[in-house]
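Going in written order, the chains are labelled A, B and C, and every chain counts its residues from 1.
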Amino acid sequence: MRSLILALAAVAVAVLAAACGGTSENSAEAGDGTKLTLVAYSTPREVYAQLTKDFAKTDAGKGVSFDESYGSSGEQSRAVESGLPADVVGFSLEPDMKRLVEAGLVDASWADDEHNGMVTNSVVVFAVRKNNPKRIETWDDLVKDGVEVIEPNPFTSGGARWNVMAAYGAQLKQGKTHEQAVAYLGELFKHVSVQDKSARESLQTFSGGKGDVLLAYENEAILAKKKGEDIDYVVPQQTILIENPVAVTKDAPEQATAFLDYIRSPEAQRVFGKAGYRPVNESLAAEFQFPVPQQLFTIKDVGGWDEVQKKFFDREDGIMAGIQKEVGAALE
Amino acid sequence: MSSVAQPVPRPLRRRRDATLSLGVTTGYLSLIVLIPLAALVLRSTEGGAQAFWDAVTEPQAVAALKITFLISLIVVLINAVAGTVIAWVLVRDSFRGKSIVNALIDLPFALPTIVAGLTLLALYGPKSPVGVNVAYTTSALVLALLFVTLPFVVRTVQPVLLELDRDMEEAAQSLGATPLQTFRRVVFPNLFPAILSGTALGFARSLGEFGSVVLISGNQPFKTEVASVYIFGQIESDNVTGAAAVSVVLLVASLAVLLAIGGVRRWATRHDS
Amino acid sequence: MTARYLLRFTALGYLAALLVVPVGLVVQRAFADGPGDFFKAITTPEAMHALWLTILIALIAVPANTVFGVLCALAIVRRRFRGHGLVNSIVDLPLALSPIVVGLALVLVYGRNGWWGSWLIDNGFQVIFALPGMVLATIFVSLPFVVREVVPVLREIGDEQEEASATLGASSWQTFWRVTLPAIRWGVAYGVVLTTARALGEFGAVSVVSGRIAGRTETMTLHVEERFQSFDLTGAYASSVLLALLAVATLLAMTLLRREDGT
């Protein structure tokens, strides 16, 4: 018994020693070059993995290595606010960046460039089963009898908020009034059978066989198809332009800003494009032939994020809060 | 069980060592558990008592709490029966592979909750190879919770069964009692405290389960959204105070259940020395 | 006689449907692309780092909780101080708490705006979103097991031998080491097994406080989630199988030791 305890203790000490050695090895590595921390939402993980490598090959990026963290956009933003060290931050929607500005971690001038602080675009699409058996093509098709819609929870998922605003804006673009558009949203949510907490989880629920249509980012649908999932997608005529912000934090080293410039260069934007993102760099947009919806609109066209957050997503008085209650009451 | 005669007066250093062990215990417990929980409680009252009350009486919160308690209760009742049966079979029966089965019981502790959720989904969801699809319903909730709480009752009942003196059972049988009567009158009273402990722990665990449930239940507010998912939603909506408030409710409920069970157990074993 | 078979089949059937088949499915899917792919999946740099990190955290959390567990059990059973029932229940709390709540509570203390967080971060001590925070979360959730296993054993064996030892002049330490500890060793051992299993499998609370820095603060469970999210099911299942094997190994190790010991 005693020898067993001693043996275990010896192993523990050895492992701990190795561990300490391991961690100091990491910092020694950093001593040679610059270590930057990239905190981003989960979808562009593979793209950034590629871009950080490519950046290190450029002059501006010599000797720069990256620690990378990916997770759901809201959770990542919250983590940085709570102390997760970060030099470059990228989210799926602007309010997650706003949070860091308000926390004093990102400079308020982050959006003052030619791209308004954005690095990639996308659009909201309908992901459907292979060959679209239910012929879902328009927003009206979503609320037909028997159609099951998959949509993440708008209060936990940024992607869900893009979806809601796409649905709302699409109604306005078709000439409906604000009240009619809100009524449509209520109808739509009655068809939502599962509310996952993030957009990626929604995609996996849909791939797992649940539902007839999934509201998703175009690049998510493209990624899923690439990975062999049995789905197709439809770009509706009216849809919203999804804009993904990126910025450097206040105390970040200058290489972080260099990286920011790099990911907007044609070279990097091309990598994004191949992965299914619409480049913000206009010179490339033509290269990729993304379908252009007839009536594309932006978040500004429906009021801008500040107003929309208050009007739609306030958890007490927001329109979506009311709809959740209504739908829930209908379910009881 | 304890000594009868008044022993030799204890030397002073025993009291000092006792204080030391008590001190270390309290210190560790405070640092690891109590301080974070205190921070939680304080955060929940940041907006004042009214804000706390508003947060926990919000319809969606109430619905989530109701669903959580109800489902946990169902799960726990199933566990009480299933767990006892399994423990019985593991102790009293013998068959090939029994030790492997015994080793598997602890797996739900080790398997990440997301894996548990995903496999249950694969097996009993839309693409089920056995044609059973209960995903995104309350049945799925029950299923996921049964999985994660499986070990609790089994592991609390097993040791008691092992220690149980068979003499009483044999005596009852020789006096003409049927196996059922023997179980009900002789064995069960001895197992009851252990079953109760196990179910209480399982209940407390079910109240807080997140990882497996969030994948398999569909999280429909007012329908299949449990308290922990609701809390998560509130954090993500920048309502940390509200999230903390509902967390405190869960915390108090868990503590109450644990205390009650501790009390019942002490009462049930009051005749033991 | 039939009662026995009925019970056996009910128990085994229940276990099969709820436990064996799902876990079997995990194993089957891990090897679905062949054992070569399985080994490739668990030997990627991220997977290896995740394994190392998980074991490291367990090697800190388990001994800490074991020492605490034994001392606490002794305090609860032998000292019978006022409020020992409350302490007993508080120790059980981590079993009940939702991981979201645990994560939230830790952030409230160690986060940038937390009680100690601002001081810690300003002085260069990264607790949250780094190893210390993850260790704290793991210790929190795996705290109760040793206490729970040792308390009933301590109650069962009574303190006569300890009293006798004290009367014969042994110090507290000697009494503990030579009388108490050997008597409770299987309770402790089983508690260690459960603590280890729990520490290995912890996901929720750690995911909130880890920061998910690839190759630095991703444990095996977080790695599993990441693989699922990247549509790499084989990789996810492979890591899960590894986790399950680690847990089962600790239990089997204890069973073997117990057999050797003759109990």
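Just so we're on the same page, contacts are C-beta pairs under 8 Å (C-beta built on N, C-alpha and C of every residue); 3 or more make two chains touch, one makes a residue touch a chain.
This structure is a prediction, so every number in the text was calculated from the model and none was measured.
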Minimum number of chain-to-chain contact steps, subunit A to subunit C: 1
Most heavily contacting chain pair (counted by C-beta pairs in contact): B-C
CA centroid of subunit A to CA centroid of subunit C, Å: 34
Computed distance of Cα centres, subunit C from subunit B, in Å: 15
Chain centre separation (subunit A, subunit B; CA means) in Å: 36
Residues of subunit B touching at least two other chains: 122, 232, 235
Numbers and ranges of subunit A residues touching at least 2 other chains: none
Per-residue multi-chain contacts in subunit C, two or more chains: 114, 228
Subunit B to subunit C touching residues, read off their complex: 1-3, 7-8, 10, 13-14, 17-18, 21-22, 24-25, 28-29, 32-37, 39-40, 43, 82, 85-86, 88-90, 93, 95, 99, 101, 103-116, 118-120, 122-123, 143, 146-147, 150, 155, 159, 163, 179, 201, 204-205, 207-211, 227-228, 231-232, 235, 240, 243-244, 247, 250-251, 254-255, 257-259, 262-263, 266
Complex interface listing, subunit C residues touching subunit B: 3-4, 7-8, 10-12, 14-15, 18-23, 25-26, 29, 64, 68, 71-72, 74-75, 79, 81, 85-102, 104-106, 108-109, 114-115, 136, 139-140, 143, 152, 156, 158-160, 163, 166-167, 171-173, 193-194, 197-198, 200-204, 220-221, 224-225, 228, 236-237, 240, 243-244, 246-248, 251-252, 255
Contact set on subunit C toward subunit A in their complex: 52, 55-56, 59-60, 63, 107, 110-114, 117, 121, 126, 128-129, 131, 182, 185, 211-217, 226, 228-231, 257
List of subunit A residues in touch with subunit B within their complex: 74-75, 78, 153, 155-156, 193-197, 201, 208-210, 313, 315, 324-325, 327-329, 331-332
Subunit B residues within the subunit A interface of the complex: 59-60, 63, 121-122, 125-127, 135-136, 214-215, 218-223, 225, 229, 232-237, 239
